[in-house]
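Which chain is which? They are A, B and C, in the order written, and residues in each are numbered from 1.
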Amino acid sequence: MSRQTSVLEAQNLTKIYRRGSEEILALDNVSLVVRPGEFLSFVGPSGSGKTTLINILGGLDNATSGRLKVGGRMIFDGRKGLSESELTRIRRQVFGYIFQKFYLVPTLTVEENVLLPFAFFKKPGSPDGALGLLKSLGLEKRTRHRPAELSGGEMQRVAIARALINKPEILLADEPTGNLDSKRSEEIGHVLKSLNQKEGLTILLVTHNAALARMAQRTITLRDGRISS
Amino acid sequence: MARRINVYQVAVKNLFRKKTRSALTVLGIGLSAWVLLSLLGFNRGYEAALNKDIDNMGFQVLVAAKGCPYEAATLMLKGGTGLRYMNESVIRDILRHPEVEKVTPMLMQAVFDPNKGESGGLSAYLGVDPATFPALKSYLKFKQGGWFTDTQAHEAVMGYEAAELEQREVGDLLLIPEKNIELKVAGVLTRSGTQDDGTIFVPLRMLQKEFGQEGRVTAVGIKVDRRADITALENKLYDLPDVQVVSMAQVKETIMSLVSTAKVMVLSIALIAILIAMLGVVNTILMSVIERYQEIGIIKSMGAMPWDVFRMIWTETVILCLLGGGVGIGFSVVLSKITDILIRRLLPYTPTGSLVAVDSGLAFLTIGVILGIGLVSGVYPAWRASRVRPLESIRSEGE
Amino acid sequence: MKNSRHPAARSAWAVLLSLLVAIPLFPAVGCDLNDPDRDVKRLFPESTGYRTLYVSVAGKGGPELLHQIEARLGDSFKGLYETADVPYTMYQVYKGKDLIGYIHGVNQKGRYGGLQVFLALDLQGNIRSFYFQKLTSQVAKLLRDPSFGRQFEGLNLKDFYGYNVTTAATRGESRVAAIRNPAPQAEDDFRAALRAVKKNLILVDEFLLGNRYKE
């Protein structure tokens, strides 16, 4: 397969939320291109639209207008957005997600949590088990533990492993260190950087943490729903 | 070896999140399943036990002296001498009918026994004809001895429990109080599981003589020819003067209609219990879905389709119902004796023998009903869960 | 009374009621107190509660124990109803947390019916009181008279070892010899009562007193 020049292309994305009679412009004509293997961070004050943008780019939400292509496929062309089922199919193939809260299933072990996506979908080429991935993240001794027995940093690493098990093209990380102390935050930062540099994984990171943002190759600042730099 | 995990395993583990809540829900279903299974078993067992009791009376039709039945019972309760009598000649009239295969005359007499119980009670004796009675009660077998040696003999044949209470064996004596008549035990019957176990049988002629009731009987038992129309015979017997005709089939019907009212009531209660238990299931699963809103959103983000989520949540309902059904069956089996006692307390008349006949077929039916209702109940929470959009659920935590 | 539209239904009531009234089903035979709450309080007015135990010879020691008991009784267990698997109900009587005595009854064949002989005992196995819970006799009034039962008070199993249940002879210093039969015409019931008391005391000794009186 030929290497794509962009894994993600957004043109004039706008998102308007309606709250009763009020209209809120969360994103205002945002355009952006993400290349394969890029590590991009999004920063900006609260309410700047960075999470809204990343959600739209990540197939978690539809824009109000604009165009979005993911992996060369038109996801949104300014008219009707995709149905939930269609979005799910795309998400499966392309994206992995990690969030501020780890959202691990408390009754499953670390290994089972990482394998959970396989209960619903196994992408061809995905590994047979989780052990290799867990080992690469330094969790080989914790496979049988439950989330309650892990530290915050370990839990986020498990979440990362889970996000990667189906070999996504793009990893979306929305405030992944929001619940961690500075030491653990740094750890996660290094993990992400390593994944990007060694595996060539495309990463889109939203963060308030300046140090973490600096680990990315490129930082995009948003303000009032627009890219300011 | 490659490890996999599937939706069903996840569902099972989800139920362990709130163990107490899951356990209480299962217990609720179990109790309603117990009620349902016991009722179904009772439906089957009661009728079977009643049939056995009635069949074991030996005769299909009973002709008794005419009179107000309530008056007779009241008089008997008070003094034991209020029975109505028929002339023995009625036997001849009965035998005229070709449908009649066999008849046997009976005389019931009761006396007050001051030694009975705390402050005295009735002792009853059933006079029977040894020539005709045994043929109509062929299931009666002897543990010791046999029927009377003579139609006028001062002898008694005792049902097993009557003999056991009095510690009587063949050759021992019995005393008819008030009359101070000694009887010798000629035979002790084996347990039949019928009213006969508590009966003291004496020769009809002897009883008539000692109680001054020569030529009189209180009832005549009739065995009807197999090919005959019992209803037609009954109608003809109604024409006999001063008698009332009791068809055992009618007795059964009367009892069953008394009982069916109780059955309908209990069935309604069982269904209400099941619906309440199911509401418990819906509540449990729904609460669990709401608590896991974000987690479900994440699962959707991992690539779970709405049907996958629906399946997962629905499976939790199925598991709760199956466990509850199993617990209910366990209760039925372990507590069958207690259930029997409870039913006997509730009903005015209970035949001998086991009242609740539970078998694997009924157990499966119960599980089927529970599962069916559970599946329907589980649709809403599962549908709610399947509709969760990842973004909304994650955002619901809020920034 | 005229035949109603449903004469059979009305007749069914007659049959049912007569069945219920005239031929009651007898319960399975044991020897329990008719009303334990009332009877325990009557026999031990100072009591506050009781505990019920169910034992049997078959359950404790089987055929070997049966032989031992028969040897102590001086007679074998007879007939259909005196067997090793008969259940015995024993009552432990309490005052607060303290055990203060025992109550036990046995079935015994009498002349015209089963006797049920109950004993109330102190902790040493001495008889506090004796009474017939069940007795069928033309002279039942004489045997049930309290003066008859009072003759047993203070006696224990040691006294009854001096009484031969088959010959009715006493030996040595046995106080059983002093017990008078108020109804000579019911000698067999009188002797049955004495056999019942001896058997009662042996069973209590075996199951409750730890064979205090074993010869």
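The rule is short, and it goes like this: contacts are C-beta pairs under 8 Å (C-beta built on N, C-alpha and C of every residue); 3 or more make two chains touch, one makes a residue touch a chain.
Here the structure is a predicted model, which means the values were calculated and not measured.
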Longest centre-to-centre distance from chain B, chain (CA-based): A
Most centrally placed chain, judged by C-alpha centres: B
Gap in Å, rounded to a whole number, between the CA centres of chain B and chain A: 66
Centre-of-Cα separation between chain C and chain B, whole angstrom: 34
Where chain A and chain C are represented by their mean Cα positions, the distance between them in whole Å: 86
Chain A-facing residues of chain B, complex: 2-7, 9-10, 13-14, 16-17, 294-295, 298-306, 308, 389-391, 394, 397, 399
Touching residues on chain A, where the partner in the complex is chain B: 46, 51, 55, 60-61, 84-85, 88, 91-92, 95, 97, 99, 101, 103, 105-108, 111-112, 115-121, 128-130, 162, 166
Touch list for chain C against partner chain B, complex: 1, 3, 7-29, 34-35, 79-81, 107-115, 134-138, 140
Interfacial residue positions of chain B with respect to chain C in the complex: 62, 64, 66-70, 72-73, 76-77, 108, 110, 113-115, 117-118, 122, 124, 126, 143-144, 161-169, 172-175, 177, 180, 182, 188, 195, 197-199, 234, 238, 244-247, 250-251, 253-255, 349, 352
